[in-house]
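You will see two complexes here that share subunit A, one where it goes with subunit B and one where it goes with subunit C.
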Partner chain A sequence: MISTTMKIGFARRGLPLFGLLALLVPAHLAAQSADVTYVQGSVDLQKPGQPRTEAFIGDSMNPGDSIITGSDGLAQLQKENLADITVSQGTVFTLRQIEENGKKRDVLSVSLGSLAFKFNQLGGTEPLIGTTSAVAGIRGTELKVFAGADGSSLFVVESGKVQVSGASGQPVDLTANEGVEVDPGQAPGQKIKVLHGQVDYSTWNAQKLDALLKDPGAAAAKVRTQMESYIAQINDLWPEYQKAYAKLTEERQKLPEIEKKQGKQARTDYYNKTVLPVEQRARGLFLNLRYYTLSALSLRRYVLGTMYTRLTSMYIVDQSNPVYRGFEQIYQQIVTDYERSVVPHLVAADI
Partner chain B sequence: MRKPSGAVLAAITGLVALLVASCSTIPFAQRPQNAQRVIDTFNAGDVQTLDNISQVPFLFNGEIVELKSDVDVIWTNLVKSGLKLTNAQVASAAAIDSESYKQFADTMEVRVFFQKYLPKGTAIVHVTFKGGSFDLLLDGARKGFPVVIGIKAGS
Partner chain C sequence: MTKIPRRVLRTVRLAALPLLVLAALASCNLMGSGPLTIKECITDFSNGYTGGNYSTLYTYFSSVGTSMYSQIKPATYWDLTPFASGNGPDALSGYTINSTTVTGTFTNANGTYDLSITMEQDGLYWYIKTLDLTDPTNGGASVLSIS
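Coming up: the complex of A and B.
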């Protein structure tokens, strides 16, 4: 699980974001990829900073990449022979990473739509499964994840064990034929019994959509709570990263002097004993700050943005309607907070 | 009536040729009559055609829309809302410049959207109609229509 006490970070104006990105990315790209093994209908691959392209069998999906399926699309991926991932229609699926207890861990993130996941082998490091409202840690698992139009999530376990955490409250442990819903910004709900094949995404999402249209202000308020939770993480991580980066710079500056006075071996020893741990901490903080920043971006784009476009187009000739006004007011608040606290941490390649 | 002289005829022919040539240099998406076809399609309630001539990523006000199904929802809702573009006229049509993004939203994401996803020569078309106005982002051509990349309407 992503501990709430794990406060992590990255580079804003004046700090070397791209330098750190360069340090971070190449080392684990090859090991962390997922390969496209099947595509059907409209399936696109979006790599950061590059134009969106049609996905083909054999394409590799690396951390930061997204698979976006159209209303007739389906994609299957295999992750390092350890896991099979089925991305259903109308889904935005992104491969992310987070640092946990000094180790990088993949997060298979579903911003919208549904995903089926089957872990084939015990003993490896299972990835986390994330949505815009929850994160699940898994153990030898076959599960389905739904991410709805209102930002809520449904996790359904077919085999193995899953622990689901929301933005607050206690995590919920699930075993086979159990499921749990998590609303944005909330703790996981009550466990429910779900028989194999009993729940399908279209029906579930249609219910979420109905509730959203009935009371868009309430749905937006939950998204605001979730956004506040991401912003709190970012605000905690950022100063820690700045501190770690300043320490790293200070320690690195000592190296030439040590070499000059005590020789190459002394420099190597100092680097391994003193500089490397600081470097690792800065990288971990950076990775996690990126994780929360990009999670906030997904929440804004795929949940709040979709709510906004749906409601604004619906109420285009009746924008003084109290239902729309109530939503719009909260929408503007979220956008203002997002612009102030999240956007400074984004780079053009994220858009 | 006196017949025009050869010199006058040559001048008129030259002028017509110049007009035709200058017209053909205006990109398809910036020609008012092509934007008018989008407006007519909207007024006819033809969501299918609007979907077909729209591309993703799409910009609706300050929001980047990634899924084609969401663009379909936008057109469907706009048509269903009862909005009619009565007496719609293309008030202006010009190529985007470095400041055009602000007409949609003055944010980093919209600025990057303009830089990253809009080809040079993309048209920003301002349309007025009885009771309001809106802006369209148009580029290229698809089945006789300009491709719609964005719309700014309402709040």
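Coming up: the complex of A and C.
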């Protein structure tokens, strides 16, 4: 039931992502942490609701936690001997979870910077790879993921198969030495041929940064589209969750009466057969709602926030410049939408 | 008054230093808060949900070993589990502790479930790493799994 919810949510935007992924990737993925196996330079670990601390070898990263590398930082993580993850400099990498078919599934999320992922066990249980603009389902894969200063992403496959989906349009299938770029809020672009080691994150991100500074309004508009996509998912899930919660409340209220009229065993039977599935569905919807809420928080904090800081510094003595004014106007719209639609779903510990 | 030789004083100071460090570390830990035994952790957790203190239940879980640690923080999550007040009154009974595993039964107004908990020690304190509720009358089907 829960995966159906996910399919509907994406299909409304022409993106039957999770339905397709269900065919590509084994359904079960146990919740697992990732352990830091190597750090170099500035590497921090951010746990939700806690101060950022320096990361050390042996630290564990759990869903909700972020690894943030500085301009000289590099971190390597191992995920339960199943995958090796290399987090390059200037990257914000967050481990998240969604729920599909009652099973929790990890999402390796890159808000900014680049990530190399190598899965060590063919036919095993791969997580999803997410950026602020796209999600990739993978199979037996060595994959590089770049997340740019303007919120765009670049997926480059070195081996295996990857299906990349953006906020709209059709997913794109990639095989070895192929790549695709996805702008925030957009469909994946055209596939490109990429030779091994040909793409350098710094060069790619410098181009993205140039484009951002040349037309900050256009970059902000794409982020707005992406934020709208997350908000749409939240808005789709919220009434479904409320409905499931109302149903749960209604069913729970019947229990004392059943016990009174038919006895204790009848109550137990009714709970197990009728109430428990409703309880589990509501819990799954809640978990998925939190996934999109926390994704929106990342977009706001790491992409839009960084953009705003960069442009405000750049135009600090020329804030009436029409280029800056155009950007700020869109920025304010995004912040307003975010505060209205996302913030109510956050809890203090998320911030 | 007898004068203590400087050499003796230096020896005493050197001997006292590790003791002072140990005392400081011990006082820091004692000033912290957390369950010092597995039984204390289970009792605190049990008191937490029977008292309806859902927003603090996650604090009895391991921030390192429990993958769902950030997911189970909101009080809303707990309202969607058999620990919710709507499913009460609750009782955790007859549990046994074997090394780091706790097994017992959890009973609420809707039934009795097998409870299995694994524990993890972080410094002086004990935390829940995983918690599973299964239905013995339905082939051990999962009712709740937090890992």
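Basically, the second predicted complex is superposed on the first by the 300 of 351 C-alpha atoms of A that agree within 3 Å, B and C clash if a C-alpha of one lies under 4 Å from a C-alpha of the other, contacts with A are read in each partner's own complex, and residues count from 1 in each chain.
Simple rule for what comes next: a contact is a pair of C-beta atoms (placed from the backbone, for glycine too) under 8 Å apart; a residue touches a chain by one contact, two chains touch by 3 or more.
It should be emphasised that the depicted structure is a prediction, and the values quoted were computed from it without experimental measurement.
*Asks:* For A:T306, select first, second, both or neither according to whether it touches subunit B, subunit C, the two together, or no partner.
*Replies:* After superposition on chain A, A:T306 lies in contact with subunit B alone.
*Asks:* State whether A:R290 touches subunit B only (first), subunit C only (second), both chains, or neither.
*Replies:* Second partner only, subunit C.
*Asks:* For A:S168, using the defined touch cut-off, is the partner it touches subunit B, subunit C, both, or neither? Pick first, second, both or neither.
*Replies:* neither
*Asks:* Can A:K47 be said to touch subunit B (first), subunit C (second), both, or neither?
*Replies:* After superposition on chain A, A:K47 lies in contact with subunit C alone.
*Asks:* Between subunit B (first) and subunit C (second), which, if any, makes contact with A:L255: first, second, both or neither?
*Replies:* Only subunit C is touched by A:L255; subunit B is not.
*Asks:* Once the shared chain is lined up, is A:I351 touching subunit B (first), subunit C (second), both, or neither of them?
*Replies:* first
*Asks:* I'd like to check the shared interface: which positions of subunit A are touched by both subunit B and subunit C across the two complexes?
*Replies:* none
*Asks:* Give the list of subunit A residues in touch with subunit B in this complex.
*Replies:* 42, 52, 68, 70-71, 90, 92, 112, 301-302, 305-306, 308-310, 312-319, 328, 335, 339, 343, 346, 348, 351
*Asks:* Please output the residues of subunit B touching subunit A within their complex, sorted ascending.
*Replies:* Per the stated touch rule, the residues are 56-57, 60-70, 73-75, 77-78, 80-83, 107-109, 112-113, 115-116, 153-155.
*Asks:* If you look only at subunit C, which of its residues touch subunit A in the complex?
*Replies:* Counting only subunit C, the residues touching subunit A are 63-71, 73-74, 76-77, 80-82, 86-87, 109-111, 135, 137-138, 143, 147.
*Asks:* Okay, in this complex, where on subunit A does subunit C touch?
*Replies:* 30-33, 47-49, 60, 62-65, 97, 104, 245, 248-249, 252, 255-256, 259, 267-268, 271-272, 275-276, 279, 282-283, 286-287, 290, 347, 349-350
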